[in-house]
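See structure below.
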Amino acid sequence: MPIEFPILNFFALSPIIVVIVLALIVMVVDMLSQDKTALGYLSALGLLGALIPCVTLLNQTKSPTFQNMVVSDGYAVVFYIIFIIAALLSILIALTYLEERGMQQGEYYILILLSTCGMMLMAASTDLIVTFLGLEIMSIALYVLAGFNRRLISSGEAGLKYFLLGAFASAFFLYGVAFIYGATGSTNIHDIGTWFTDNPSYQSNPIALVGLALLIIGFAFKVAAVPFHWWTPDVYHGAPTSATAFMAVGAKAAGFAALVRILSISFGGVFTVQWQVAISLLAVITMTGGNIAALAQKDVKRMLAYSSIAHAGYLLVGVAALPPTGDELYRVQAVSGLLLYLMSYTFINIGAFAVVALLEKRGEIGTKLSDYTALSTRQPFIAFVMLLFMFSLTGIPPFIGFWGKWYVFWAAVDAQLSWLAAIGMINSAISAFYYLSVVVQMYMRTEPAGDEAVPIALPAPIVVTVAVTAMFTLLFGLWPTPLIDLMSLGMFG
Amino acid sequence: MIGAVPLSYYLLLSAILFTIGAGGVLIRRNAIIILMCVEMMMNAVNLTFVAFSSYLDSATGQIFVFMIMVVAAVEVAVGLALLVELNRHKEAVNIDEFNSLKG
Amino acid sequence: MTNLIWLVIALPLAGALFNGIFGRRVGYQVVAKVAPTTVFLAFLVGLGGAFETYARHGEAQLVTLWTWAEIGELNIPISFLVDPLSMTMVLVVTGVGFLIHIYATDYMVHHHHGEVHPDRDFARFFAFLNLFIASMLVLVLGDNYLMMFIGWELVGACSYLLIGFWHDRPDDPQAAIEVEGGESVEVAPLLSPAASGMKAFVVNRIGDVGFALGVFLIWTTFGTLQFDQLFSRIASSAEMYRESALHGDFTVISAIALLLFIGAMGKSAQFLLYVWLPDAMAGPTPVSALIHAATMVTAGVYMIVRSNVIYASAPNVSFFVAVVGAFTSFFAATIALVQVDLKRVLAYSTVSQLGYMFMAVGVGAYTAGIFHLVTHAFFKACLFLAAGSVMHALGDVIDIRRMGGLRKKMPHTAMTFYLGGLALAGFPLTAGFFSKDEILAKAFEYSPLLWGIGIVTAGMTAFYTFRAIFLAFEGEPRDQELYDHAHENRLAVTGPLWILAVLAIFGGLLGLPAPVLHELGIDVPHVMENWLHPIIQEVGHHEEHHPSLTTELILLASSGGLAVISILVAYYFYMINRSIPQTLARSTRPLFALLVNKYYIDELYNTVFVEPALTLSNTMSRGIDQTLIDGIVDGSAYGIAELGKYLSQLQSGFISRYALATFIGVLFLVGYFFLLGQFPNWIN
Amino acid sequence: MILTFLLVVPIIGAISLIFLPRENKQLINWFAFAVTVVNVVISLHLYLLYDVSSEGYQFTLKIAWIPSLNVYYHIGIDGLSVFLILLTTFLSAIAVISSWTAIDEQVKEYMALMLLLETAVIGVFISLDLFLFYLFWEASLIPMALLIGRWGGKDRIYASIKFILYTMSGSALMLVAAIVVYNFGDGVNPTSDLPTLVAHSHLISEDMQKLLFFAFILAFSVKVPLFPLHTWLPAAHVQAPTAGSIILAGVLLKLGTYSMMRFAIPLFPKAVAFWSPLLVTLAVIGILYGALVALVQDDVKKLVAYSSVAHMGFVVLGIFVMDQNGMMSRQAMSAAVLQMVNHGLSTGMLFFLVGVLYERRHTREFSQYGGIWVKVPVFGSFFILAAFSSVGLPGLNGFVGEFLILMGTFSRNPVAALFATFGIVLAAWYILTAVRKILFGPFNPANNNLTDMNPREIGISLAFIIPCFFIGFFPNTLLKIINPSTESIASLVDTAILIVSK
């Protein structure tokens, strides 16, 4: 019996490999060097380098590899880009953020890089085993990142909460995978899909259905969908702001990356109406719950945490709009919408968290609304970019946030889910209230700043971050075409 | 021999184990015990996998079990580390004593 | 001249602009020259237009300037109609207007110990006055209902501005009327000029709503607002409309006529909407003379005569017009009997005389209506200006209870007031006698009852006019200080007075009762009737049933005789036996109080319309806007925010609760999918 | 291209402002004014180049914005928009110059926002693409909200938030509806190009159109504002700085009525007949209600704000009135467009004049004034003229619009016209009450130090009142340009009615 060597296309995985190698290099340099800030720059540079193979891969056709365990299609690559950008920007924030708070350690950057690896794996995986591995690589690194600030109990508490609940959710996810495996005899998502189409009589198999439910729950937890969102506000609030920025966009994007791929490939032809209804309902309560709870927040960091829940809701609208396979044209819409949304959300949200990081006082967590009072006179530039981020998060044109929402809702409309889009838009209007309250503080309140008048230092890396994200928000808001064209490349292989 | 015991028995057992684990997570307040309960849930999953693997005559399930075991080990390591870290601030293992973040 | 007829409007308008913009800078003397000059020039142009019209034998001519609005089938030009009726009005407006302008140049100046103090807003006054002339001319010259409405509204605005001219003056409290041997009768304070102006504008606008709706209905029904097109379209089926109206149907023509008449009720102060006119006396006296006696208030009469085809086709509405006119004339006359404010006596007499005119046009005597309009312009302007002359001399005192014996101090004023009063009273052979008699004669033909009301009113008119004259100019001065202060005014005042007085006496020549005189063998033309003939369209077959000569003569004699008798009665009451009025007042105290308080109509309107409207407004502002709508808006925002607080509290910080909540979520979702597995057709 | 200049000039101006020295307010003031004047000149040029004889859109420019999705940068104007653009550039210039003395803090930001607002508003008026329109529509919120919230009165934050939330909630559903329409596209491909969509509007079923029309109209009605969605307006006006009020009343409200005519009716002609009765009823209620509520306000700006509710009611009435057979009134519709311009001028002027007083006395309570005409004759004269314009006096602009709207309405729906006509009585009542309380009556000594208008203010007032007179005398100059556009809109509805009835 001849031994078949698996065909291993390392090039297809080159971005992931670059990031892993980068992590290892940083780990080694960490042991040798005392200049931890340099590690940050090294990681950032490396991540920039990792974008290069991404660009090359974009123009390649799909290339499943490693025994069909992973695929490097446009979808995966666009997600790579999202993750890398998220990691890069959050590292830029971290450089001085950690320094100022005395937690400048090499591990931080390593963890970010490893977590990024996990996310990229999730996006690329076509096998539930790899998905699980990616999920855990990402999550475990994030647990540590959340608890990274050892000087503050709240950071440790955030880590613990994230960890315990995350592990709990992982167990459900795994149980779901087990059921699906039991029902179909495979963990490969294509095989699962094929099996269901071949065996229509199993379509209402309770084991498979419960498995699907548990699978959705696992991802719903990661993307912070109501009612699996409980960890989110506390973790986002307690974690170091630079890490929050990263997990708010990265983990969410990764969760959606895997969820969308699995749902459309494995379950694209079965239970579609069922999971569409379930996801729609999740979307409704997630949007609404996140937005309404955000209204009550007095802390901007925490408010952004709730807002990230709400945004998960809008994204779920896009997921609900994923129609059955076969209708490629329509799926392009939903997927492009989700990608566009996630890409724009990455920039906006990291920008907003960067501003939070700037204003956060040492030894405290978060920034109270009152910290923003009259920011427009104290720091006109920072106030202005924050205004852009807030309006962009609300989804008001001409900022990029609008186009993400627009595209996702278009997909929903096309999938006969106009009512969902309508609820989404009503939620947008509700969300305006709390986003606006930041603007109100910055621009409309003119009371003497009092002790907030402490001069705000403007470290160069963070300023670069906000400047870049603000430019992105505004320019692509006015001219979204390049971004939309890029997203249309992000299709499954 | 697996043939003697029907699949449903394994599934039922693993379901019971999973439920006990989940129940433990919900009921207990000691962080370490909760961690153990999560482990128990994972092991219940492992049992399911193995049972299916045997039933389906497919090795994938068993590979998955290995992965799960590795991950579980990593999780424990990280979890305990977090707890140790937290204990520097507050000598407690009762998870409900850590609730400075809320609202 | 006809093609330059727009100059009639442009000249006073230019005067208004000049005085309004530069008046303050160039000084009052320049203003005092510019303002009357423009009106005089306009008069000359009007005169030219009138001669040309006469030369054309009254044939109408259109002067179109530009298209005002054209949308779809709607086309409204800015164009003027030069015909006998509009020329009559132009001459009255510019002629009387010019005299009043001259008068005002002195009236608006106070001579104090040789120093000359023009009114603070001398220029503004003449700007408004000029503007009024221009507006009034738009009203009478316009050749379509839109132009008429434009003028209609503009004269209202000018009236508003001029009534409120002394805008910073407060309400004027009035002394109670003493009744010998009885309780005195309280008199409500006079409204401030500002409030009076506003009242005039708002009440007029109520009428304007009717007018506007009438215009809309015309357009909707006939697709045109041009007089010539419209009237020819109606005329073709006028007989049909007339017949069905006579059979009790309320035709569309009737509706148009009624709606337009509502506008006339406002502008011409007929019953229900007359309440603004007495208060309009708060304006400077030249304004009262020009706007609230001679010209603007007669716009309603002009409108009906202009629309005679419509009214002739709607006999039911015409009857209503006549009844309203007759009632108003009587009603206002009763109030005038007891007023103590000289201008208000004249104001109520104006309302009353306008009632006469409406009675005339209501019974189809359009020429008689215009005739009375013209003579009334003469004698009422004369009376008002004379009253103003008295005021000017007495330092703005107008209460006849403080006058007396002024004839000795102010012979010209007294004389002209006498002459104007005679005309108003219908003293035989004065202008008022002929015009009033013509109306009464026509009314008698139409219905002896209307005639009855008219003749009684005529008696009252003569009585109250001379009551005022005797109280003011005869007898002993009741306020010696004022009396000593009084003096005759300058030529600028007395000159126009005399001209108007002469016109008031001899204006009757325009409308001598030709048929009667013809029977008596004297052949004179009825100038007015011949002149206006082209614009009156005959509708329906008038059986030319002239009353017999005897009846005509009896009618003439009775009205003339009654005037004389009434004057004598007034003489007896106020010159010879002064206790009689007091006794009467005492013995009929409730009636007296009712009349003094003008039937409490103002109070009634306040209670029924103004107060409830304000209450409603307040209720809506607080109840609907602030409580209901904002309650829902702010309430839902507040509710959502509270919900947010509640949701936020669910985020308790306890991991165990989070785990439980997550688990519950798991149960729901798993349960949902599990149930779907059992009942696959549940959703679809 | 000329239209693009209109859009871009203020943006460039706003960006350039950043580089001007903050301390040199004089320079900033002049610069901002110069930018707005440039736009006035461009828009006048536009008007002069406008071809009255040709129908359809002019100065169009169509560039693919998002080519893959058939979303275009498609701009152009017709008779509907040309005067609104003139009004916008004109009022923007006035708003800037009127702020010279009123605004003292953060002048740079203020002027930049003013300029951005101008761009957004012009953008709405020239957009011929659904999403381009939506972009400008929503973008116009931000500068206005900031202007109110930063430079407004005591309760400015409440007013600002209320303004933005009200409007956003209103337009939430519109976006979804717009996406639905876009998705229908030309029946094959989605597109947001307005002319294409209008040409294919018959593809959408009547029931669907009713639904979508509602979503659009809801957004527009909030902006107009139509009773009972008007309560943000008094709050916003009272708190807004003078220039903010001028722009808000003068231009922003017109976005609503303009969009009704540009988008709601042509896109959903089959739905108009269904919703017309409701809209007409609400418009008439608004006319009477706004007037009655204005009557009892003790704040001048509130009074003017409620008068706007009434006046804009006339516009909505004119747009939507139809007879039982679904025939629209061309007269009322054209007049409604004209009335938009009229209201912008007259109400803008009233707000400006109130601002003149406020700058001197820092109060808008009626009780603080009284008899001041004696003290400030020039101001008083202009105030009376503005009041007359607002009250619809012939010779001034307001009359033309109101009269023709009412006449057109009467020909289609006499009952609505009957009630609406009573609005002019109430209008006289409340406006003259305001005149009386401020200018007339015994002099209130609190105003002893009141000074009359300076040449700049007189100049602004003249700039307001001269167009008012011009429109009053020669409305046909405007109407002949407006007519073809309203005709085409009305005929769209007529055709749709024919199709539906078949």
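By written order: A, B, C and D. Residues from 1 in each chain.
Please note the rule applied: contacts are C-beta pairs under 8 Å (C-beta built on N, C-alpha and C of every residue); 3 or more make two chains touch, one makes a residue touch a chain.
Note that the structure is predicted; figures quoted are calculated from it, not measured.
**Student:** Can you tell me the least number of steps between chain A and chain B, where a step is a move to a chain it touches?
**Tutor:** Minimum number of steps from chain A to chain B: 1.
**Student:** Going by the touch criterion at the top, tell me which pair is linked by more C-beta contacts: A-C or B-C.
**Tutor:** Looking at A-C and B-C side by side, A-C shows more C-beta contacts.
**Student:** Farthest from chain D by Cα centre, which chain is it? Let me know.
**Tutor:** B
**Student:** Roughly how many whole angstrom separate the Cα centroids of chain A and chain C?
**Tutor:** Computed from C-alpha means, the inter-chain centre distance equals 77 Å.
**Student:** In whole angstrom, what separates the CA-based centres of chain B and chain C?
**Tutor:** That gives a centre separation of 96 Å.
**Student:** For chain B and chain D, what's the span in angstrom between their mean Cα positions?
**Tutor:** Their C-alpha centroids are separated by 65 Å.
**Student:** Hey, how far is the Cα centre of chain C from the one of chain D, in Å?
**Tutor:** It comes to 37 Å between the two C-alpha centres.
**Student:** Could you tell me which residues belong to chain B and also touch two or more other chains?
**Tutor:** Correct list: 22, 25, 95, 98-103.
**Student:** Send over the residues of chain A in touch with two or more other chains.
**Tutor:** In chain A, the residues touching two or more other chains are 160-161, 164, 168, 233-234, 296-297, 433.
**Student:** Could you pull out the residues of chain D that touch at least 2 other chains?
**Tutor:** 165 - these are the residues of chain D that touch more than one other chain.
**Student:** Judged by the touch rule stated earlier, which pairs of chains are there in contact?
**Tutor:** Touching chain pairs, listed by label, come out as A-B, A-C, A-D, B-C, C-D.
**Student:** Contact residues on chain A for chain D in the complex?
**Tutor:** 376-377, 380, 391, 394, 396-398, 402, 406, 409-410, 413-414, 418, 421-422, 424-426, 428-429, 432-433, 436-437, 439-440, 443-446, 479-481, 484-485, 488
**Student:** Could you pull out which chain C residues touch chain B in their complex?
**Tutor:** Checking each residue of chain C against chain B gives 648-649, 651-656, 659-660, 663.
**Student:** Help me check something: in the complex, which residues belonging to chain D touch chain A?
**Tutor:** Interface residues on chain D, with respect to chain A: 65-69, 106, 109, 131, 134-136, 138-139, 141-142, 145-146, 149-150, 156-157, 160-161, 164-165, 168-169, 172-173, 175-176, 179-180, 182-183, 190.
**Student:** Spell out the part of chain C that touches chain A in their complex, as residue ranges.
**Tutor:** 637, 640-641, 643-645, 647-648, 651, 653, 655, 657-659, 661-662, 664-666, 668-670, 672-674, 676-678, 680, 683-684
**Student:** Please output the residues of chain B touching chain A within their complex, sorted ascending.
**Tutor:** Going through chain B, the ones touching chain A are 11, 18, 21-22, 25, 31, 34-35, 38, 41-42, 44-45, 48-49, 51-52, 55-56, 58, 60-61, 63-64, 67-68, 71, 74-75, 78-79, 81-83, 85-86, 88-90, 95, 98-103.
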